[in-house]
Structure formats: C-alpha cells, structure tokens
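Data first, discussion second: the structure below is written as structure tokens.
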Amino acid sequence: MANSKYEYVKAFERCQPDILLPNTWIVIRLDGRGFHKLTAKYEFDKPNDRRALDLMNAAAVGVMTELPDLVLAYGISDEYSFVFHKDCMLFERRAAKLITTIATTFTSYYIHLWGQYFAGTALTPPMPSFDGRAVMYPSVQNLRDYMSWRQVDCHINNLYNTTFWALIQQGGMDGTAAEKRLMGSVAADKHEILFKEFSINYNNEPEMFKKGTVLFRDYELEDPAAKPAADPELDASSQTQLPARGTPAPKGSGTLDALSGTNAPLSKTQAEKERKKRQKAKVAVEHVDVIRDEFWERRPWILSGRTGRLKQETKDGAEKAQAA
Amino acid sequence: MANSKYEYVKAFERCQPDILLPNTWIVIRLDGRGFHKLTAKYEFDKPNDRRALDLMNAAAVGVMTELPDLVLAYGISDEYSFVFHKDCMLFERRAAKLITTIATTFTSYYIHLWGQYFAGTALTPPMPSFDGRAVMYPSVQNLRDYMSWRQVDCHINNLYNTTFWALIQQGGMDGTAAEKRLMGSVAADKHEILFKEFSINYNNEPEMFKKGTVLFRDYELEDPAAKPAADPELDASSQTQLPARGTPAPKGSGTLDALSGTNAPLSKTQAEKERKKRQKAKVAVEHVDVIRDEFWERRPWILSGRTGRLKQETKDGAEKAQAA
Amino acid sequence: MANSKYEYVKAFERCQPDILLPNTWIVIRLDGRGFHKLTAKYEFDKPNDRRALDLMNAAAVGVMTELPDLVLAYGISDEYSFVFHKDCMLFERRAAKLITTIATTFTSYYIHLWGQYFAGTALTPPMPSFDGRAVMYPSVQNLRDYMSWRQVDCHINNLYNTTFWALIQQGGMDGTAAEKRLMGSVAADKHEILFKEFSINYNNEPEMFKKGTVLFRDYELEDPAAKPAADPELDASSQTQLPARGTPAPKGSGTLDALSGTNAPLSKTQAEKERKKRQKAKVAVEHVDVIRDEFWERRPWILSGRTGRLKQETKDGAEKAQAA
Amino acid sequence: MANSKYEYVKAFERCQPDILLPNTWIVIRLDGRGFHKLTAKYEFDKPNDRRALDLMNAAAVGVMTELPDLVLAYGISDEYSFVFHKDCMLFERRAAKLITTIATTFTSYYIHLWGQYFAGTALTPPMPSFDGRAVMYPSVQNLRDYMSWRQVDCHINNLYNTTFWALIQQGGMDGTAAEKRLMGSVAADKHEILFKEFSINYNNEPEMFKKGTVLFRDYELEDPAAKPAADPELDASSQTQLPARGTPAPKGSGTLDALSGTNAPLSKTQAEKERKKRQKAKVAVEHVDVIRDEFWERRPWILSGRTGRLKQETKDGAEKAQAA
C-alpha cells in the first residue's frame, strides 16, 4: 500500500493504556467546563435553575436511550455520572472510547435540546462543553459508596447554596457578607437561618434540588419481603463465593443474587433478548434516596444487570415516583 | 465533613493513568460514530458532501478558536485531528481532560451549526457523536509522518471513492460490480477509468476532496530563502542538541529553530503576550500539501509554537489561499 | 538548590501509570528468563528436577517471610505467583515497586541458596534472572480461577512431560518421535502409555510434581462443619452486600465472611497486632488441591487477610501436610 | 483444552498499560531497598564504602554485558540507572519486562559477586533487594538533563557526606551536632571546613566518589575537531528535521548525526553485524563528567546507538581513563 511509509505512526497509539479492568463497575463522570461563566452569561436562576437541570436530565435520558448498556445515571448541578455494569464489554472496555462516546452524545443532546428549555435564548460562542473521566469500582459496596458520595455532596451543596442565596436575594446581603455569615455553620444552623429569617422549611424544597436526579430503566418495582421463605441469602452467598463459574443460579435467589452483581453468563439468544427488553424499557427520571438499601432492593435489575418485568403501559410517571 | 465516610472512593480515580509524557506532540483524533448510518439517514452526497465537510471544518474552527493552545488541525471525511505543541501544558497534559474537552467542544459546534449547513434538515435522535483518542509523538518527524499518513489516506480513499461512485452514478453499476471492477486496480488504473469512461480529470477535482483540510493560525507566510547568509542550520542544530536548557536562541536561527520544535522558555509576560497574539490571529482553513517541507518552512510558527507576524487586516481569505 | 536546573526531568516519572486499583487482589507472577538454556547448562533432571523446585520454593519462602503482606504463593516449574490481599496498601499499591521488590527479593534468595541445592555446581554468567508482571483481580472468584488456571496448567504440563520423558528415557525414542506419539493424545491415553509401557502409575507421582507448591501462613486449620447452627451464610451475604462500610461483622460469621474477602477496617493497634502475629507464623509449603472449596474453607485467613490461630510449637510439618 | 474454563483470567493481564512510547529514551533506575539498615548491618565504611561501590559497578557491568541493547549506565551510592536507546525494541518495549529483567539480573550479580567484594562477610536474611522504575525521555536534551541531574546529585550528596563524616570521625561530633553545623552551609563553606579543619582538599577525593560511575561500550574515542571542514551541522540539522524517513545520512555527518540520536534504519544484516560488534566491545567503567558536551562528542556511539571502532586489544584500562 502506498502509505506504508508513514503508517508506522499507528504503533504510537498502543501506548495509551486503555482497557478498563474486567469485572469492575465503570463510572463515567462528566462535568460542565467553565459553567460558572456560562450560568452568568445565560442568567441562570440561583441557587438552582430548573430549566438548566431539566436540560441536563433530558440530555442524560438521551445518553441512556442510545446506550442500553448503561444501568444507572446520577446528576447534580452541572455534573452527571453514568454507570456501566461490571459485566459490560462495550467497546471492549476501552476507556477513551467509552468516555468520549458518553461525553459527545451528552453534549449533542444538550445543544440540540437547548432551545426547548431556554426558549428565546440563543447559544453563542464560546459553546458549552464537558470534560469526562472513567473510574473503576471493583465491588457493589464501592459503587454504592460512590453514589452515596455524590448524593451527600448534592445535599451539602444545596443546603449551603439555598441559605447563601436566601441571605443575598431576600436578606439583602452581598456575597462576601453571606459567605462570612455561613462560615463555620453546621447543617442545623442553616436550617434555622432559613426557617427563622426567611420562613423557608428546607424539607419542603423540591426533591430534585435536595436529592439530585437518578436515571434507570423503569421496570416493575420488586418487593423484597415477598421473597420465598427458603434461605435466599444462603444461595446468594454461595453464588458469590464458592461455585465454579457458570453454575446455574439456585432458584429463588433472584433478589440477593442481583445485589451482589454476580451473574451466570447468558447464552447469545438470552443476551439478545435482554438487549431488546432493555431498549423497550422507559428511562425513569427520579429524585430519590440512593444511599439506603431500599432503592437497590426494590430495583434489583440495576445491580444484576438483568432486565426486570416491563411496566404496564398504563402506569404513569406519577405512580412511579410514589412507589419509590 | 459529613461525607467523609464515602469520600474514600475518590482514591479510585488516581488509577487511570492520565498524564501525557512531557515534551511530546499530542494529537487528539476524533472520528464520527456510526457515520455510515448517519450519511444514509441525512442523504449525504456521494462520494463527498460539501455541506458535511464544511460543517466539520466549521466545528474544527470553533475548537481552534476556543483552544488557543492548538497549533494545527487536519480533517478528512468524518475524522479530525487536533495537534497540541509538545511544550503545551494545558490541563497539566491530562489525557481524559484534553480528549473530552476537544471532543465535546467539537460536538457542541457541530450540532449548533448543523442548521446553517443543512438548512431544512432537522436533526433527530439518535444524535451525531464522536469518539476520540490521544496519541503522543516524540519528534517533529513523527508528527509530520502522522500528518502525511492522514493526507496519503485522504488521497487514496478519495481516488477510490471518486471512481467507485462514478461507476455507480454515471456508469450504472451496483456497488458489488463497482467494487469488483476496482479490485486490484492501482492509482493509474483509476485515473484512466475516470478519464476515459467519465471524462473526469481527477486532478481537477476540488482540493478539499483531494487534500483534506488543514487549520492553523493565519500569520504572514515566511520566505525561507530570505534568511541571512550565516549558517542558520548550524545554530539550529546546536540549539537542538548541545546547549544547556534556557540558553537564548542565537540570532538568525528563527526558521530552523522553529522546525525542530525546540524553544527557550518564555517569561510570564512574554507568554501572556503570545497568548493574546494567538487569540487575535484568524484560523486559516486550507486544502494544501502537508507532506512536503514547504508547508512547514513557510509557517514556522506551527512547529515553534510561537506566534508569527499578524496579517494585515486588508488581506483576505482568497489571497491567503493563493499564497499557500 | 544547585541542581534545580535539571530536576524538571523528575516530572517525566509521573507518566508511567502505576497505582493498582484499590480493593482488587494483586497477583505478581515471576517467570524464569531463558530457563530452557539454563536447565541444559546445569543439567537439570527431566521432567522435574527436585533440587531446582526445592530451590524455587525456598526462594519463595524467603519472599513470603520478608513480605508479611503476602497471603499466598503458588509455584510450578520456573514460575511463581505471589498474592497480595485486596486490602493491601503496601507501597501505596505502586505496581513497579511491588513487582521489582518481589522479583529482586526472589532472585536474591535464589542465588544465595543455589549452593545449598546444587552443591558443587557453581553459577557462572549469564546469571539466572526473572521477569515479572502484576495482574489485578476484582473478586474472590477471579482470584480462585487464577489459582485454578495455574494448577490445571501444572497438571496438564506434568502429565505431558512425564509421558514425554518416559518415552525418551525409558522408551528410547528421540524428542521428535515422542512428540509425534503424543500428538492428539488425551489424558487417559497418557495414563495408559505410562502404565502399560513403563509400569508408571501417574497417581503415585510426587504431589509436588502433580499439584505444584502452595505457600501460606501456617495457622491452625479450621473446621467449617463446626460452625454454629445459626445462618452464617446470611451474615456473610449481608456483610458483603448491604451494610454501610465499617459495620461490625455479625458474630459467628467468621468463616464465610472470610471467604468473601471483605472485612471491617482494623484500628491501628489491631493492625499492628495482626502484623506481629503474621510474622510469627511459619510459612507452610504444601502440594495440595487449590481448586476445590476445601482448601479455602479450612484456611479462611487467606481470603480474609486476617491472621488465624497460631499453631502449637510442637506440631510439625508432617502433621500439617496430613491435615490438608 | 481442559483448562479453558479458567483461562479467561488471562484477559485481566491486558489492563496494565505496559508499552513504552516508541522513539523515546528509556531509563530504568534501580534503588537499593532499605540500604540504610543494610549498610549498618554489614558495617559499610562511611561516607563511601569502596567495596560496596565496586560491587554495585560489577553488578552493573554484568547487566550491560547480558543486555547489549543498553547504551549507558550511571551509578551512585545504592542507585543505578540503565539507558536503552530510543530506537530499542527489546521485549517490544514492555515496561514490566524491561524493569524486572534489569532489576533481577542486577540482583543476581550483586548476590553472586558479594563474596568477592565482601570476603568473609556472609549474607544473611533479610536479603538485599532493589526496586526499579522506567522513565521515558523524548529528546537527547531530556536524557542528558537526566544524567546531569543524577551527577549533580552525586556531587552535592558526596560533598555533604564527606564533610558530615569528617566532623564526626575526625571532629568528634555526634550526628546531631554535625547536622546542625552544616545546616544552611553552601558548597564553599563545606570546602573550607574540610580544608581548614581536617586538611582535606575535596578536589583530591576519589573521582568515583565525586562523579559516580558511568558505564558504556568501550570503542575508540573520536575527535570532534578532526571532522571534515564541510558543514556537518547543516547535515545534522537536515537529518533531524526535514527529510523523509529513511533518507540516507549525508557523508561526513557522523558525529553530529549521532548526537541527535536519529538514525536511518538498518538492514537485517547490518543490525546483526552491529549486535555482534556490540557484544565484542568491553564495558568501560569510568568516573567522568557527563554534564559537559565533551563526554558525548567523543563517544558519539552512545547517542547514535551505532557501534564505534573497536579498541585495539593492547590498549588497557589506564589509557582509557586518561583519554576521557
């Protein structure tokens, strides 16, 4: 081939280590670049701009829809985390490919949908952009701790920001004074400032602001209490630890097996069936606690990486939110 | 802090190796994801769709404008390569950050400008997206070989595609027949098919299709022949190899020093001045040979990473193109 | 400092990604370099040289003794694998440091002890050397599958080699003929050749040759059957999956908790105590099955990373071997 | 194959990024582990133990002899750096393999030769071991700066240690007092203490202590001044920067071409011939300045990676040392 003289340069591509370790949960986290300036330029509401958050969530739904391998996503402020199951082999787990695919798909929707959420506000250069990174988590506990970390961060930041902007917008302080007032304050102090000085009950603030947004495929919730009386835990623990790979999962161990994130391999036909079912499922957009066990126990399909029971068409979003 | 219990998960982020080796040229290459389907969906012209290429170029100009650290970019088909100078320290040379910033900024412009180039054709999900990777090249020769590789690829692919689609569109063949016809053919064969059967002189095809598109900051071209009679090469070679770091560059060695990509460090004031000058320069969009020396000798600022002389305001793009 | 002009070169060291992912099992595997030539030069017995294997094992015991963080080692032929517990933070989990420390300590003992095992045979250049690599395994199952892989390899290779060398040494064949004879043969064929033609019952071959050598800290074996009747598995499974980090392990869950490799963190005093107890324990050198559960169930301290009950001084190695 | 069930674990090995970037100089640096304790245990002389340094150097000569791809090595105290030419493709440039091969070969000789340098002092556990790392340097300047960094470090440390131990051994101070005395002192102060208080002229100290030890293949020194009058630098600079890969080097450009570390590729026969010539060359063990140009100009084969003219058998080591 005529270009062989130059093609040696391809060998340099092999030197960026890229394959993410098999059997680990992959989290791709995106962060808005320079969103401080951007929020000023487009005059975002403070402390939270609902249009901006709705746009972030809509872009994330776009990503979840285009990439059925994703099992979970979580967004706060200008950041979004996307989770691939530890069994996922998409793009052979090449980090750069996974990161850029998520990041550019997200950006694509963000720009495309901007007009729907910011009607009458035209985007002008410099344009919004995002940086991203991939992190691996070996165990379910590590993954759940990651999610908890982000949700605790959301809570801490939102409580601070709500109080800070109340002091400014309703209390007439400037930024420096508000910052000084809050220095050293603990959560209870902020609750009190909000309540006593501004008649704001923080607990009544919108769930989206307090808890962030969690996305997942929207199957029928499961009821852990309804499990058969036989020791499901025993099965689960054996499954995790002792049997040779490929041993079929014992009956009745669905839920807890799921929670360990360990599965018997699927046949090709089964895998294809799963894929289709996944694409059929709607993406739920909720603002719920992901720290406690309940979230994971009622949605075992997230950690199992297997599909759940598809919801009846008649069920609507409102019901969904209540059930959580 | 209340969230310290979970914050240990941050430690897992350190394990993705990310710092690109100092003193190497960084190439970030983007590729359209699934553009085969996309070109069918939006009915791109074959073998080249000028609107689509113009959109790619416009998005790349957006990237070059937002990231003054970039010294060069080169695009063909649905791929674009962006080059950071080997001295560049942007984002501390963290790979994931560089890749995602380039990839999402490009995507942002691509979607934003779509309507200008595809008037009347609305984008619908699934949305365009791009994957990206970073490659390091230690020497100027490696970098130039990379550029040559891409431009030779452009030439080979375009000659093939031009002939293939002539056989189909004007020769009435189907794809299989055209493919069969071209199997084993060399460049001369394709030139002949085009000329004899379709009266197409390949040399008259648009430069953009034959050579791809190269972007750079548009300073006054330099004339290597006009250099002082003293041995500039001697200076250049000493500069590259022997002196302790920080030795001031000998007089008159500008051009060739530039071509080695080796520079004495700048003071903070100088660096700031350079930065401003860089932002002032227009981004040239040209379709020229980057394989031969001339391209690099007349634009020494590309390899030196230092700014050239700003063009007079009166000079326009047409002149620019001719001068190349 | 006078040398600051050159010290910038230290920055280049940051670019080799080095931190092994937390919470993964680390396996360092060493392989003899060019041991084919070495076995010829020093006339090793074929198919197995007991002196050479004893020397390998003695060097590995040296490594285990100097690095109390190691929980397990496994050797066959000229290869040795060393296992660090997934909680191990030695050298901050820096790969190059872990690999070279293990590799050079092993080499150090190998050369130092050579004379004890090859009395009268002086080492001469070129000298024995080893290459090494680090591999991470996220789950206990992955780690056990790694160990099983190596032990199955040992079995397959040893059965082949035993038959191959019987054909040569006792059957008078040359290498080519022996190879040809064995081509396409399955295990049963080789057993039959050995038995019928050379009256060798493969099952009576030395355990070291058939099973390789496994090293671990030699605590009192435990009896899984003697566990309390309450659901230990339930505890184990909850421990693995559900509770917040740091929850104290439920009573009676010792064994199975251990088998999941998940532990509550230790206080500094506890950690120091553990460390001392680990250094006190002898290193057991055994030739046992590591594929079945029994090995792991009777030695729960391997996967738990916690020390077991120290053996009585009076117990000797022979008893130890029987108990396994 | 019977073991296929477990063999999937091999896939986990691909995740340690390992290929060092082509066209970069590779430095493998070894450091003695815990040599502070070791020097106490074996009662090394302070501040320098000639036997210990000779043993380090002898081990390094062993490494250089076994690995003809190495072009240079430099040792001070308990550390040794080994340099592979940027064109070196040994082990496909896999980092772990290069590091462990160098580290274990070095260790092997260190232990093997211990008795020759420490007659009557038996090694006992814990055994000496070394850790190692690989660093890549893209340019000749970076590599030379690395070497300069180490040699400046050697000088600074040795001047400090010589003065520190003179204060203790001859001045009767204890460590704390000596340390205090030297706090804030500059080089001139230390020279004066040595000279005035202990009649030691630091300049007369052994070269090995002051400059460290540099190893290279011992070809005939070249005389840069004897080069043809034509511009060799011009050739060198063109060679480095402009021509297409594979252009034959212009005549007379040997020396400076070498200094840029850039070479036309060799044919297989040439490469084989070079290899043999390299193995024939003795390894020089010298204590010379590697910071100034002279060292590199007179030994152009180091940076060129090509062999020089083999020395006459009659020349001995003494002459060699003088010539440098």
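Quick notes on this structure:
Think of it as A, B, C and D in the order they're written, each chain with its own count starting at 1.
As a working rule, contacts are C-beta pairs under 8 Å (C-beta built on N, C-alpha and C of every residue); 3 or more make two chains touch, one makes a residue touch a chain.
Treat the numbers as computed from the prediction; the structure is a model and nothing was measured.
Counted as hops between touching chains, the shortest connection from chain A to chain C is 1. Summarising the inter-chain layout, the chain whose CA centre lies farthest from the centre of chain C is B.
Taking the mean of the C-alpha atoms as each chain's centre, chain C and chain D sit 35 Å apart.
Each chain gets one centre point, the mean of its Cα atoms, and the points for chain B and chain D are 40 Å apart.
Chain centres here are Cα averages; for chain A and chain D they lie 51 Å apart. The set of chain D residues touching two or more other chains comprises 5, 8, 12, 15-17, 21-23, 136-137, 142, 145, 245. In the complex of the two chains, the chain A residues touching chain D come out as 5, 11-12, 14-23, 244-246.
Within the complex, the chain A residues that touch chain C are 17, 21-24, 86, 136-142, 145, 231, 233-234, 236-238, 240-242, 245, 256, 259-260, 262, 293.
The residues of chain B lying in touch with chain A in their complex are 1-3, 5-10, 12-13, 15-18, 30, 33, 62, 65-66, 95-97, 99-101, 103-112, 123, 125-137, 142, 145-146, 148-149, 152-153, 156, 187.
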